[in-house]
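The structure appears below as structure tokens.
The first chain written gets the first letter, and so on, giving A, B, C, D and E; residue counts start at 1 in each chain.
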């Protein structure tokens, strides 16, 4: 019991050693394991597992068709044959929720791919070189960021139309500045360190320094940012869908389902709650993973 | 150990959250089932009138009209310009209707009564119309209605004023000249070509001459006077004490509240915050029957599944016919409008009175449709349905259509675009496979609906070409005899169905919630909220 | 100081200019003609063409931009196509709703986040800390509109904040009427503010001067309020500045859900109607407010932290940005 | 208020102090030390020797997660490891003044210098604002700060390193503490400022009759300042003695080698030292002589037992079996 | 060999500043001139803020002077970029920094970082590179098993040794050591100083040793230059300067450090 108590009491104390001299710090680094970070990581994964398991079940066993309509069973409250109830066409919400995962995730990944890769390019250049690229990169980033993102999303989708790819591209562009900032500040931080100077002195090219030396430094925090971005992309897609600007009708994403459910909120609240809950679980899982990764990166940064 | 404990806690939190939410859900479910049972009884007692053949329904309740009182009407569309000629949104027109009178007035049964015109007359070829203008009518600003005002109004609407480029009301573009005869107190309108429907357009609001603030503070001769308008919020009007009819309006004040989303207004309705709320669907009525009476009304909409006749595979009549056969329209109506709509067989709707050809029927036979397609050599047909995403009803319709098409092996992809894009790409650009849309008619003029199939019209967005139809259409325009016109229009509708120009889906119905203390709410074949007839019991 | 102000003002102008340009270019690309949308399906081709030429839709882009800026300099935001009313007037009517909603939510965020952050930071990793963070993270994970829906379901029988644009902006009625929408916005943002303040407090706690204060004999509460809290304000205030932009974004959606007649709803109408002058006007307004608020944040921060007044603030800032971009969850409102 | 506590033989007496981290690492293993009133005692060691942690333990400012596992600290014969936080607050800053190593980190960056010094008075005295101000200015002048009225309005980052260090000293001595703990106060400073600060501490010791615990890794300053010196190695004192004894006649091999590794004019251009590098950083409990792995004179016993302090001379002790008679 | 060129480094009337605007120009280095002979170890003494590090950055080419000239092995280099310098000089300038933890990529093994300069130069085959890196590691007194370790697994002193190895592996003519021992413990400092003395015998390089610690400079260097507020106030043979300082500032510095007597 005593042992347990002590363990519990001290579980998150390893961050407070910034003033301890080098030799001791080395000791902490190697011996302590960031339990909270690991725990968060684990919880995150468990949460992500819920929709994943649902999806896998869906592959093996699908109680109802996702689209077939049954007017006699519309707005059925959750019961044993329809676990999450039915929607306005009498479609089984459980089945739809299960099969909504791949597209939701696909869109989210697509958005982050665009945001992350472009952000990496611009952020790396402006963080490493500074100067003109940095200035204008920041101005455009500022401009994009001082307009509420939902608004830009509206304009983008109005411009390029609705559809999965349009949503991905539109939101992907909106995600660039955030990634750019994370990456830029990382590069800025490390490019001022002496090992970069040393590399320049031995004749390493900028590309080599950026890719082989600076990029690995920010990898963990980039991963944390991606986990976060993943969650945010899901939220963004659902918000756009809610305004009726998102994914087309025939595609099942949770955002789309929420939007459809909104019209029947008072007749069939379950039709909103099921997909909403899935979004929350998925997003929360990603948040936890992101937080865990962030703490890992902070811990490493103490080196 | 530590981890487990922590995980347990978190799981507990999640669980309690889930329980809480599902608990909410269950309660609702129970309530709903209760309501369901109640409802059937109610319907039996006939409180919710559901008789499709009657167009005008006045709640027949004992109780005399009371003078005075104020009501709040919920409307779902944002208002645009308040100028009666510039206002394009149906939602605006239905509101500002109360400020204005036309030369004639459309009655609930679809006939026309003289209004600002004491009487009217027209030539046999329907090219010259003469109106005798009523005297002693005052505008809201106190000025008398003069012949000049009428001439001005007509000329402005027809785009005949020096600084205007096009007719503000497109139907009036055929006006050649407007002249006033001061002696006789008449105004004569000459048309470029004959148009038997012209009289229906003369419900046109008459406005005072050279008044420039019509868009912000409209002035007319109507039963209500504009008092205040706040964008996105409300529009207020008060009773016109000097109304020219034998009585003024009953109500002292009417406020139109703008609620962009009928679904979201449910909570307000449940609290009784609105006195009148049009455009509800029948499913919502079930939630509100305690406080409100429901009046069913036909909409002025012809919902069609427009097939682009110039584009493969719809250029082949066989495909169009097969598809027509594959659609279960009643099921569609059940799904989308909760049964509150009427199956259509042609491009016109019952509110068009006897112009509507009610004799047409089409069989629902997916097996035959499938074999027809197979015979014609179409396999694994893939089509696209482009719908304006702003209109939930069309999107849902498209969704149901796509589902039904699966039976005959046709894969339909629903693509939503926003309204602006739809107008430019589909309606104007005609660059689409097929689309679901409602054709609306502002006037009970059959030509305005069927013009969409007239090959020379720029509104023929489905690219329908039939010389026979065109001839009939032209003939009908100049025909003044009512019976003959009806016959011509019936023939046109027959052609549309025979050629399977498109799939004619439904005439959606709507429900208007009227709080139980009110009476006199009247519906018209035209889309208006007439507050003149409304009174407190 | 004046040089700094001038430099900032210059940057603000450039940012605004870029925003105007972005919107201009987008509108060039957006399909659909406002004239056609306004006149509807039944209008004739000539009618549409006439209105289009009246609106100057087919003028070349540079000319349009030039015209717009000339108008802007004279304080004229143009004339709304859809509402047939001056944009300034329309914004004047709608802005108070949005701004008071945003301010309400903003105050709620502060009121919720400060005590919670103090509680959470009292002991890092404690059960209290973890549960506060878990709950706020959860609210952050809920899309704002879904949050609104949940709130509506919960409060459906009460009278709180339910009317649709009726009522006025007077004190008590306003507080009740806007409570639910403001709460829906605030709940999904409170986690960010809280996280920032909490992290800052924990970070300050680790800094040596707080222990030096113990060495002075200062009591715990004195250290917390006199030293730590005050020193944690800089990141918090900066985060609040950016959260304000989010709050505006949030209110766009929440206005749709609660049917409030604010800028957000106006904007959605404007974009749907391709009402360029109105869209541009609202975007400029919101962006200006956001930019000015961020400028004020800079200013307030300099007031709080004298180090920021000196020139070598660059490195402090860059590090801060890193954290910020982390936490701000990529400005989660479309999100 | 002036109690006659000077009767205590030692103003500070630390007995078998052991400080551990949350992970169980022994940061300070077994430190005992004594300071007589008016004495300046040096605590010398390399990084990792636990000198800073011992100081923090004495001053009661150990960071979270690091705690005293064992041992007593008597301040004026009162065990201050066992008193309440409130009592502790009354001692810190009042009876014990602390000067920290890094002045730039030890001052609150957002508060003006004057207010920070004033805070100590505000906490511990009931003086009026006017009186406090006079005393703040007086103390600032006493630590050789010039132009104090203006300086009091400045923020820490606007001061030079030397000025900041003086401000810290002013803060530490403003309440005339009986014990002044100086934790490497000169490490971050330039040579010229360094000697001034040393002189200042000497002066305070002399004029205010404060005992000083001076922590450093730098023998040259210790030589100038201290009466007695403790040499610390991996959390255990290995040699104690008067400064003269330690510097001139070091007995423990560690002290010897350490002194030899300092460059001096005589050794110019030559190799400095033959001390083996530490192979690993051991943080477990000490079971044998910790220096054994590096000691050139190591013998079997060193690897098996932990040596006690053995007396060499009057006041001169070393923890080495070589002196076990 | 080195006798041909008397002066490996000549700095003439250098002005340097970090501020970009001309109106608020504050010189960090002002009219600084310095001559360094081939093969010598020059100690540069200065207090914080005197411009030591700026001078190092100037010589290595990280910053450019506002005016003045720098000659390295007889060539003007102040306007050459880092890459041009590498092209032009087979044996150039290398630098060792104060904080050893900061001068290594924390996510790469010591071995890889040692090999990197040679990989970039592409003169040798992979096996030769590795052999040379291992040899260098041995030369700086570390055993071969450090080759695959990460920087954080090494102590400060060990890392500073590796840093020396990294700099010397490309056989530079001039090594600039910017306070390489000031963050180290006394005993470790002694080891590094010993190593530098040792390496100077093995490798043929001149050394500019920057420090604020007079004892270290006296111990290690042949000549000394005293830097005060951006200019050299005294330069000369170490013993001469220490025993008989001419400049007031130098005199004060030496007496403060306790080296005067």
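The rule is short, and it goes like this: contacts are C-beta pairs under 8 Å (C-beta built on N, C-alpha and C of every residue); 3 or more make two chains touch, one makes a residue touch a chain.
Quick caveat: nothing in here was measured; it's all calculated off a predicted structure.
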Label-sorted list of chains bordering both chain B and chain C is A
Contact steps required, at the very least, to link chain A with chain E come to 1
Chain centres computed over CA atoms; the one at greatest distance from chain A is chain D
So, in whole Å, the Cα centroid of chain B is separated from that of chain D by 89
Taking each chain's centre as the mean of its CA atoms, chain C sits from chain E at a distance in Å of 52
Chain-centre distance (mean CA atoms) for chain A and chain C, in whole Å, is 21
Note: chain D sits from chain A at a C-alpha centroid distance in Å of 50
Residue ranges of chain E touching at least 2 other chains are 155
Listed in rising order, chain D residues that touch 2 or more other chains are 47, 63-64, 281
Residue numbers in chain A touching two or more further chains are 11, 13, 16, 19, 22-23, 26, 158, 161, 262, 265-266, 269
Seen from chain D, its contact residues with chain C in the complex are 56, 59-61, 63-64, 85-86, 88-94, 96, 98, 100, 102, 105-111, 119-120, 123-124, 155, 157-158, 171
Touching chain E in the complex, chain D uses residues 46-47, 161, 190-192, 194-195, 217, 219-220, 224, 257-258, 261-265, 267-269, 271-273, 275, 277-278, 281
Given the complex, residues on chain A that touch chain C span 11-13, 15-16, 18-19, 36, 139-140, 142-156, 158-161, 171, 174-175, 178-179, 181-182, 184-186, 188-189, 192, 221, 224-225, 228-229, 231-233, 235-236, 238-240, 242-243, 255, 258, 262, 265-266, 269, 272, 276, 279-280, 283-284, 287-288, 291, 294
Per the touch rule above, chain C residues touching chain B in the complex are 30-34, 36-47, 49-51, 53-54, 82-85, 90, 93-94, 127, 130-131, 134-135, 138, 150, 152-154, 156, 159, 162-166, 256-259, 261-262, 265-266, 269, 272-274
In the complex, the residues of chain B that touch chain A are 1-3, 6-7, 10, 18, 21-22, 24-26, 28-30, 32-33, 263-264, 266-267, 283, 286-287, 331, 334-335, 387, 389-390, 392, 395-396, 398-400, 402-403, 406, 413-418, 420-421
